[in-house]
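Input: one structure, supplied below.
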Amino acid sequence: MREITYGEALREAMAEEMRKDEDVILIGEDVGKGYRGCFGVSTGLFEEFGPERIIDTPISENTILGSGIGASLMGMKPIVEIMFADFIGVCFDGILNQVSKINFMSGDQFNLNLVIRLPGGSGGGTGPHHSQCLEGIFQSIPGLNIVLPSNAYEAKGLLKTSISLGKPVLFFEHKKLYKLKSGVPEQEYAIPMGKGRIVQEGDDLTIVAVSYMVEVAKKVSEQLKKENGVNIEVIDPRTVVPLDTELIGNSVEKTSKLVILEEGPLRGGIGAEVAAIASEKFFDFLDYPVKRIASKNTPIPMTPSLEKEVIPTPERVVEEIRDFLGLKKGLLIKD
Amino acid sequence: MEFSKALLLDMLEKMVLIRRFEEKVYQLATRGVVHGSVHLCIGEEAASVGSTMPLEKKDYILPTHRGHGQGLQKGADPNRLLAEIVGRKEGLCKGRVGSMHFFDKDNNNLGAQGILGAQFPIAVGVGLAIKLKKMDSILACYFGDGTSNQGTFFEALNFADMWDLPIIFVCINNLYGMGTHYEDTCNIKVHQKAKLYNMEVKTADGTDVKDVYKKMSGLVKKVRKERRPAMIECYTYRFLGHSAFDNRPYRPKEEVKEWKSKDPIKRLEAELVQQGIKEEEIEKIKDKIEEIIKGSEEFALGADFPIFDPSMET
Amino acid sequence: MREITYGEALREAMAEEMRKDEDVILIGEDVGKGYRGCFGVSTGLFEEFGPERIIDTPISENTILGSGIGASLMGMKPIVEIMFADFIGVCFDGILNQVSKINFMSGDQFNLNLVIRLPGGSGGGTGPHHSQCLEGIFQSIPGLNIVLPSNAYEAKGLLKTSISLGKPVLFFEHKKLYKLKSGVPEQEYAIPMGKGRIVQEGDDLTIVAVSYMVEVAKKVSEQLKKENGVNIEVIDPRTVVPLDTELIGNSVEKTSKLVILEEGPLRGGIGAEVAAIASEKFFDFLDYPVKRIASKNTPIPMTPSLEKEVIPTPERVVEEIRDFLGLKKGLLIKD
Amino acid sequence: MEFSKALLLDMLEKMVLIRRFEEKVYQLATRGVVHGSVHLCIGEEAASVGSTMPLEKKDYILPTHRGHGQGLQKGADPNRLLAEIVGRKEGLCKGRVGSMHFFDKDNNNLGAQGILGAQFPIAVGVGLAIKLKKMDSILACYFGDGTSNQGTFFEALNFADMWDLPIIFVCINNLYGMGTHYEDTCNIKVHQKAKLYNMEVKTADGTDVKDVYKKMSGLVKKVRKERRPAMIECYTYRFLGHSAFDNRPYRPKEEVKEWKSKDPIKRLEAELVQQGIKEEEIEKIKDKIEEIIKGSEEFALGADFPIFDPSMET
């Protein structure tokens, strides 16, 4: 299968849906003429679809988001790009009180097809206002679908599904993934909401990881397999709302041990919700306390010496999992 | 502009409908049948009717939190609106949200927001869709004087100007935002804010339905043709409190008295009588409305409450 | 001890601190001249302190909050009132990226004394834009103290502490509590951050409840005591950030059963965090899965028939706890 | 306004300081020593120096995301600023936040925000505190042309007008916000927006430090005396990309060329030479700055990285 980057996959998804349906448009700061998206994701789209569908805006996040809300009330399928997920605070009311609630509030008169693309995560030194993983905040707002693609294949399939879902979608992209390549078929495919995937099978421990942390989980599992003989099952839920609780439950039934790995801050993160669900629903499967690995509860510092202490690096994850399992380097789990 | 007798009587009927409808809501609220808060536009009917009547069915509105008048005039079924206000399943939104946030898709009412200023960004999106879909429609985006201090207002004015959107921003200026006089919040008249963004602006006597109607009609024609934004500011007054149970100590008695003397309904009635319309004709209209409201009350209070359904969870 | 209402207690706290310190001011929509606060909390303050310290504003939440941020950067101690907690979305960036981060970002050059008062919760039919409990969202933002006073005594003591804390405080008030009276001493007292209280002792089950739900928990415990002989320990953590984990742990060690009761939506609520902590730290104490009782994951409907299904009413809480314990009405727990 | 030789030389020195400082930052960024993004104001030094120099020590600033010039001119120690930019413990903010968000309390710099428009509401609070505490200070709130489209700008203008706050809104208009020309985002000139709110506004040639200085000095005097807001818009140009690594294809070559011909430093140098200042005197200044920058680089790169401390968690 051909390999393309995450950024290219997103672009393909948008381009394909735009070719199919006139109602699909992209709105955001510098998505078109000048910059082609801050991370180059919309390269070529302006040339193909023109200024009426690839719409550059003034610096006014409230009205950028509102453009999407209004257009979707009119039956269009707008994709709104907020340049960095961190800027969503500027237009947060739109998410909290309109996007998430209109379908319900209108008594189902409206079914918004609205995707909000949110590049998040540490880009390595981008600092407190350009590095955040905010999915933990949004899970607490009923009415939003929260999607976290972890590679190019996922990105394309999930974005295509999101564009015509009839429900609003917060689509969290990760800056560290944009350049990463993976296999993406030429032919159409779809990934449903709420169905996770088993990234890698194992029976000693379940790691539920999202977004870029799936990459970290893969790396960590490999190392722990080699150095400690631990067989880790890595699960990528793909969407945290809705959440594939069953998939996680089945895995925990097998492994009896659950670690949740995310880049957002620990407190109130998606790990909190998954841990709470596990302790409600899978209590009898669990041999060990549920373990959350996440960013520390601070803003994301710019300087590398602090950033690497705050966000979960592979080194820290390995260490924390070893601690969790009572292992040292070189000590095999079956010992 | 010539006002035919039929048009004037129609305006009166619509204003009386709004007045009686809201009096009923007020009554139900004092009886404890309405839950949560209701914001009534009694006293402001000329602004609602005069600004909404010139719109066509194909046009869109975004009403305010004080939007019964705007919604009714745009075509909302009083039965279903009242049912919504008392939270019944037959309500416009299945009874879920009540007075402050009703949506009425059939009549191109895209929903009132309980968050002041939220309508402005949404208006831009609606205008954008109208433009991209090459529709002939226009949008009326309603807001209060106090709400014009939200930053989103300026953003929307700017986008509407830059993108040539067919939006009429309609300010219902009733002098106050809750207990605070507009002049204590801003030195700039609302329409001057819009004027900065190169759009045609009008001010109207919001107690005179003819004045509002005339000016709004002009703007509707212009905006429909030129596909550019515009704004109208209607000066009016709410006779009751901010919400149903506000004693409004913040308003001088003389001010209230003065504005009540300009009651838009009495004003139009007087004019009609002067023009030779018989009192009976006016009474007939009122009786008709009385019937409608009675019917709405029966409908609304007779309807069932909605039942929770797990599929509502998201 | 004299009894005063929650609203009066808040007013006393503000007035006392304002008398002591010129730097304490109150900023918000309709807090002064016309309305004395939407819920009457600031009645009399305008008369005593005048328009320079009880500051009515235009309807511009961003700049209301910003007024507080800027003034606190200048060493003042502003109290900002956002009329309904639901409106915080309008000025969310201020919380997400400035209020919560400035102390850290400035390298401790600044220590903001800033209290943001947020009336929340269902007022009985106030609907989706005027009823929310948003503490679940904010716990995910590092750098904020989150305070949830549950009665007049708590309200006064916690507000006084908050005003001079040197750290930003989100002070969540509950509309249903404003009129509720309880004993408040005439003399000064202080309640520290991060120290919960045992509302009522018991050894069969721990309920951690916040804000108005403490009232519900008391009612429910009484009923379950009477009808099922269950002795419930009710814990009011008072502040969810910082959280008195120790107090909860001690209780769970005794009861082995934990229920978390809140009015915010279930997913990602503070119950998620408490449950996650419990399943990490008190795993060995727990006999039963951790149970969360919260609002359903929908907007808060206006109509009573739906609202009472969505928010946790005493009736539902009783039922859910009976289910949890495998009890029926009339069946004693010790049976 | 008369400009003494000493003042002109001082201005030159300050502009050269900013230029050399940022060239150093750019160099360090290309060497990978700077993490995250840096926004450089090379080309805009006359706007920074001319608008900040008239402020006194007791005055406050809120700089932009492109704020090294503003911060240095307000008194930031280049050593500690550079240390901050490369993330070292000796940095102004202990190395935590770097270029885009430095705070410098000792010099009344209340912090740059990475969120465009966030400075406006904060400015209102700072102005309010100055007023309530009856201080003699004023505040300069900096922002870019693109940022003037945030709704918060209008809110702040309104509050500043209503509350009589001693704030000077300083727009550094470099024609673009990232890749988008201001004219593609708004038809209204930035200073016209402020003018709507009854404040004194000035425009200045942002490549001419004397013009900026003169006009800003006038506003500082006026605002300090009258305790009312004002605004100045300085037209200038950034010579480099939006951030250190932007190829800027969106700007026509001729435009860049034209503006480079108006390099504010060269311009002032030429004038000084014309006024009879010896080239050596200018060279001496440059040498002095060279020494400072060398020292800063040594200081910054020699400093330690901060260590994580659990008390940072909140």
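A, B, C and D are the chain letters, set down in written order, and residue numbers restart from 1 in every chain.
Keep this in mind: a residue touches a chain if its C-beta (ideal position, glycine included) is under 8 Å from a C-beta of that chain, and two chains touch if they have at least 3 such contacts.
Not measured: the values here are computed from a predicted model.
Novice: What chains touch chain A and also chain C?
Specialist: Under the touch definition, chain A and chain C have B, D as mutual neighbours.
Novice: Which chain maximises the distance between its CA centroid and that of chain A?
Specialist: B
Novice: Compute the distance, rounded to whole Å, between the mean C-alpha positions of chain C and chain D.
Specialist: Result: the chain centres lie 42 Å from each other.
Novice: Where the centres are mean C-alpha positions, what is the separation of chain B from chain C, in Å?
Specialist: Those two chain centres are 36 Å apart.
Novice: Between chain B and chain D, what is the gap in Å from one C-alpha centre to the other?
Specialist: 47
Novice: Provide the list of chain B residues touching at least two other chains, using ranges where the numbers run on.
Specialist: If we look for residues of chain B contacting two or more partner chains, we find 95-97, 101, 113-115, 149-152, 155, 158, 162, 184-186, 312-314.
Novice: Could you list which residues of chain C touch at least two other chains?
Specialist: 57-58, 60, 62-63, 86-87, 89-90, 93-94, 97, 104-105, 128-129, 142-143, 241, 296-298
Novice: Touch graph of the chains shown: is it line, ring, star, complete or other?
Specialist: Topology of touching chains reads as complete, every chain touching all others.
Novice: Spell out the residues on chain B that touch chain D in their complex, using ranges where they run on.
Specialist: 149-155, 158, 161-162, 184-188, 192-193, 196-198
Novice: State the interface residues of chain B toward chain C in the complex, per the touch definition above.
Specialist: Chain B reaches chain C through residues 34-37, 87-88, 95-98, 100-101, 113-117, 146-147, 149-151, 177-181, 184-186, 249-250, 305-308, 312-314.
Novice: Show which residues of chain A lie in contact with chain B when the two form their complex.
Specialist: For chain A paired with chain B, touching residues are 25, 52-53, 55, 57-58, 60, 62-76, 78, 91, 93-94, 97-98, 102-110, 142-144, 167, 241.
Novice: Once bound in the complex, which stretches of chain C touch chain B?
Specialist: 29-30, 33-35, 38, 56-63, 86-87, 89-90, 123-130, 296-298, 301-307, 309-310
Novice: Write out the stretch or stretches of chain D touching chain C in their complex.
Specialist: 91-97, 101, 103-105, 110-111, 113-115, 118, 120-130, 132-133, 151-152, 155-156, 158-159, 162, 312-314
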